[in-house]
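You will see chain A twice below: alongside chain B first, and alongside chain C after that.
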Partner chain A sequence: MRKYFARKIFVYALTFFVAVTINWMIPRFMPGDPVQSRLARASLNNPEASQAMRDYYTSVFGFDLPIWQQYLNFWGALFKGDLGISVWLFPTPVTDVILRAVPFSLGLLLPAILLSWVVGNRFGAYAARSKWLDNTVLPVGYVLTATPYMWLALLLAWGLGIVAGWFPVAGAYSFALRPDFSWMFVSSLVQHWFLPFLSMFLVALGGWAIGMRNMIIYELESEYSNYLQALGAPRRLIRKYAFRNAMLPQITGLAVQLGTVVAGSLLTEIVFSYPGLGFLILQAIQNQDFFLLQGAFLFIVAGVLIANFIIDIVYVLVDPRTRIQLQGGVK
Partner chain B sequence: MSLKVSDLRVYYRTLRGDVHALDGPTFTLADGEIMGLAGESGSGKSTLSKSLIRLDGRMRYVGGSVELDGTEVPIWDDAAMNRFRFKEISIIPQYSMSAMNPTRKIGVMIAELLESRGVRFKTVREELHRRLELVGLDTEVLKRYPIELSGGMKQRVVMVLSTILDPSLLIADEVTSALDVSTQRAVAEMLVEFRDRRFVKSMVVVTHDISLVYQIADSIMVMYAGRLAEKAPARTIIEAPRHPYTRMLISALPEVGVTYAEQRLTGIPGSPPGLLDPPKGCRFRARCPLASDECATEPPFVEVTPDHHVACWKAE
Partner chain C sequence: MTAAQPLPDPLAGPEGTAAALPEAPRREALYFALRNKKLLIGSAIVGSLLLLGILAPFFFQNGPNERIAPPGLEPSAQYWFGTTQFGQDIFVQFAHGVRSTFLVGVLGGGIGAVIGMTVGFVAGYKGGWIDEILNMITNVVLVLPTLAVLLIIAAYLESRGIVMQSLFIGLTTWPWAARAIRSQALSLSSRDYVDLARLSGFRTHKIILRDIAPNMSSYLFMTFILLFGGSVLAAAGLDFVGLGPTDGMSLGLMMHQAVKWGALQLGVWWWFVPPGLGITAIVGSLYIMNVGLDEVFNPKLREM
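Showing the complex of A and B:
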């Protein structure tokens, strides 16, 4: 068991190193020059002032150093928890910018993913047991998963937001308010949260329901179910076993989804102008903000790895087969 | 008479029509009898054995009756059958290796199954342990998951589990086909032991391995294309078969001490008829060397000598 986790941790560390290195490389090999864009924003006419400013920015961001030195400095800073300074929101540190966006992404994605998973699995399991439900849930599920997400989100924003006027369609809270713990602010927060949440919930729901339905049917036709039926076991027991076993692949699926939580959902956040991590990544790319982009990606990498690691552990707990193989048991 | 089957008809529903997989077999099984049920693939032996415990979704009961210890068995009524399953009629399935829920400890699964059938696990625990030891298993297996056991061990657990409530009839469906030769023999002997110790009253051993079933069975029943061909004491079937199909089947078996270098083993030429629209008369007619005009009428399954039933006009 310990050997297994030692090996896992080594693999995760290696993945982390490679992913972070690539993160560091991507913005630097992107076309464009961040210093130039800052200068353009300042729109100086004097070439001398312009040169002085260029030198200043180049040294602040460390672009005057050789590329390998930049790389080493980057790792050094990383271990101190310093992700650099945002170019776009100069001079705010990247860490602050990201930490401001993270709660919005988490608050949106965690409930959407978890709720759609729970509800979808329930629905799927029910659908597998009744013909009537199967004939309604399944087509709806297929339509939901097949719908291009953007289209559904726009439809919701247009229908419930603009036409019906029930929900606001932009921002995380009313622009007229300042964040505090008043009733007004919280209700505004919830109102703004609802539509993006609903859109993500709906799209994910269909996939989970279909997956669960298929898994349950597969399990109910498996040989252990057959044997139990031949021995006259009541449906309740057989369903219980089938449900438990059908959950295993769904847990893996959830793990993969949870890994992307920190990434935010780019499309949702753009459609609803929701200030999460996804929105941040878009801004970082548009503004040539190396450090912000790097930082955001770092968050995603760490998130995916941590989520996967947790699921590795959970899986060992729920599926005896993995546990036994770890202990060097029979295949 | 332990089991009495009369004119049982079970068809498979397909898009092209009914497949007459089981077309009216009538036979009896005495108390304590182990009957080998032999025949090639598609002969209806599996359909017959499954019909006795649970019709699957594609099977359709058409007619006939089954009686066990004097009680009518409602094989057409899935819900009413539950009363018989496990307690009166039980099965050791062909897929014993994967018959247990992979994510439950074996002991937990057995307890849950028994409790769900209204049997207190506590009352049978002692007996369960005794029987596991009888088949050479440590009671520790109850604390393990199925994946931790070898194929043979799983098979033995399933054998013990299926018979723990002392059913009257046990169906052993191809129990030896997935095992290696040395374990085949042991499993076969265990079945006899189960009968001798009265764990089960009588037994139907479905197989296509006549030479193995000969060693344990009291009688052998041969099926062909959904009908009975011949039923007789095991010795008689091997030494003095009457039905041409049985004769050809037996002569296709290799003999001990004979080298088949010069002369090849011969099979039975031709193939069984399709059962979607089975031919009239004797179904073996097309492949039978003795066939004549009278075979256009279906031969009855009659007792030619005591305990020896044959369905052939030429058997007299």
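Showing the complex of A and C:
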């Protein structure tokens, strides 16, 4: 058990290390000079001004130091929570900008992931039971998983937001309101939240339904199902056992799919101008705010790693076999 | 992206029933392939879109970004998908976009498949510390959120082409494939005929290529299809954020431009519906084709 978690934590720590290193390396080793490209975009004619800007950017990136020193400084700043200053929202530190956006992203992601997982599993389990349902759920599920997140978001925003006028299509709350705990503000918040949530929920739903359906069919072919059937056990009981066994790979699937769903939430937020991390990333790209972009990247990686670790714990808690198996050091 | 959903295990079925006649399995697969509705419908949709992407751009003398018509026209007989707010023909853009979508899928999926297969086969066949190290690398790349990594790379690239994009997508999407192939290779590598090959002194790569890979060729093909779909979706996401190809046209870029120039507010639905529909049709049909292929190759599933 301890060995299992030690191993997991090691992989996550290594991943974080790799992510930070990528983050540090990309501006330095990509073809092209980041300082030069910034100067070109500022398009200064005055040589003095451009020299001042060059000095500024060189010192911001720390390009005047030896490489190893740059790398260590990067880590040092990171541990102090210093990710640089945002260009887009000058002079706000990147960490503050991101921390303001994180609650909105989480508020979308957590319900969308959990609900789609629960509902998708139910659907899939039912679908595996009947031929008619299977023939409808399966194609619908595949089409949903093949749908790009932003496209479904666009369709919903257009259909339910603009044509039908039922929901607002931009922002997290009405621009006429100030954040407080009034009934009006909360209802505005919920109204703005619903469409982005719905579109993420729908896209994610298909994958879980298909996965569960396949797992149930696989479980129903296994020995214990046949044995129960031979004993004359009721169908419902066999189904129940199959469902519980099929749950476990679905939990692992949750960890594997996390990156995809997070990516989907970024794209969905952009469509709805929802002020989460995805919207920040779009602003960062459009405003050439590289510190903000890199900060957001690190936050996303850290979030995914933490979520993975939570899923690992849940997996062990749900499945008593892993505990025994892992004490023996198998796997 | 169902990429991570486990494919049903092809090795679980009864083996060698048809092996007595070497010709039989192939003919049998063809027999079932021609009678599988999912496979036929899926490949018909993918095939016709592929044809459109390859041929259609030759029939237009205008490029996808040229302004040739009155702006904001609804779909009509002359402009099948209407025109953008800048008077670009959306059908021309769509045809070019479909072409680059297939290119990204083949290149990105291909690179991902090659890396995934190499890592998976070597890890599964070799075992031991090589397996440990490859596993570690696989796990690290697996938990890194792909789109976030691609965003950060693409943001720093000065000029972006479709080939470059596919390369980076291929470099980040392989881990689940490596994992799946590793577990298959692991179970195959303990078979008697592999032992025999090893005792005969064949080199590792020869054993993998001649004895292990051919026995799971259908599985490998299906892995490639899933990677293809994953690459297309990843590329569409990147393009949509505005980090798509700096020259040329893609379906994701069309949606990016539509949102950027307010197609949603202006009600210009014909600007953002076709590109997304194209992606969904290609990727969805590929997934459904995959189910069909699975039924063809796996006798256990045929009755369903």
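We adopt the following convention: the second predicted complex is superposed on the first by the 265 of 331 C-alpha atoms of A that agree within 3 Å, B and C clash if a C-alpha of one lies under 4 Å from a C-alpha of the other, contacts with A are read in each partner's own complex, and residues count from 1 in each chain.
Just so it is clear, a residue touches a chain if its C-beta (ideal position, glycine included) is under 8 Å from a C-beta of that chain, and two chains touch if they have at least 3 such contacts.
Quantities reported herein were computed from a predicted structural model and do not represent experimental measurements.
S.K.: According to the stated criteria, A:Leu155 is in contact with first (chain B), second (chain C), both, or neither; which is it?
M.R.: second
S.K.: Which partner does A:Gln229 contact after superposing on A: first (chain B), second (chain C), both, neither?
M.R.: first
S.K.: What is the contact status of A:Asn73 with respect to chain B (first) and chain C (second): first, second, both, or neither?
M.R.: In the superposition, A:Asn73 contacts neither chain B nor chain C.
S.K.: After the superposition on A, what does A:Phe290 contact: first (chain B), second (chain C), both or neither?
M.R.: After superposition on chain A, A:Phe290 lies in contact with chain C alone.
S.K.: Is A:Arg321 touching the first partner chain B, the second partner chain C, both, or neither of them?
M.R.: Once the two structures are laid over each other on A, A:Arg321 reaches chain B alone.
S.K.: Could you look at A:Ser174 and tell me whether it touches chain B, chain C, both or neither (first, second, both, neither)?
M.R.: After superposition on chain A, A:Ser174 lies in contact with neither partner.
S.K.: Is the number of chain A residues in contact higher for chain B or for chain C?
M.R.: For chain A, the partner with the higher number of touched residues is C.
S.K.: Where does A:Leu305 make contact in the superposed view: on chain B (first), on chain C (second), on both, or on neither?
M.R.: Only chain C is touched by A:Leu305; chain B is not.
S.K.: Check the residue A:Val271 against both partner chains and state whether it touches chain B (first), chain C (second), both, or neither.
M.R.: After superposing on A, A:Val271 lies in contact with chain C but is clear of chain B.
S.K.: Could you please specify the touching residues of chain C with respect to chain A in the complex?
M.R.: It comes out as residues 1-6, 8, 136, 139-140, 142-149, 151-153, 155-158, 176, 229, 233-234, 236-237, 240-243, 252, 255, 258-259, 264-265, 267, 269, 272-273, 275-277, 279-280, 282-284, 286-288, 291, 300, 304.
S.K.: Which residues of chain A touch chain B once you look at their complex with the stated criterion?
M.R.: 222-224, 226-234, 236-237, 241, 244-245, 248, 318-321, 324, 329-330
S.K.: Provide the residue numbers of chain B that touch chain A in the complex, in ascending order.
M.R.: Per the stated touch rule, the residues are 53-54, 81-87, 90-91, 93, 95, 98-105, 112-113, 116-117, 145, 147-150, 158, 162.
S.K.: With touch defined as at the start, can you tell me which chain A residues reach chain C in the complex?
M.R.: 11-12, 14-15, 18-19, 22-23, 26-27, 30-32, 34, 37, 134, 138-139, 142-143, 145-152, 154-155, 157-158, 162-163, 169, 206-207, 210-211, 214, 218, 221, 249, 253, 255-260, 262-264, 266-267, 270-271, 281-282, 284-286, 290, 293-294, 296-297, 300-301, 304-305, 308
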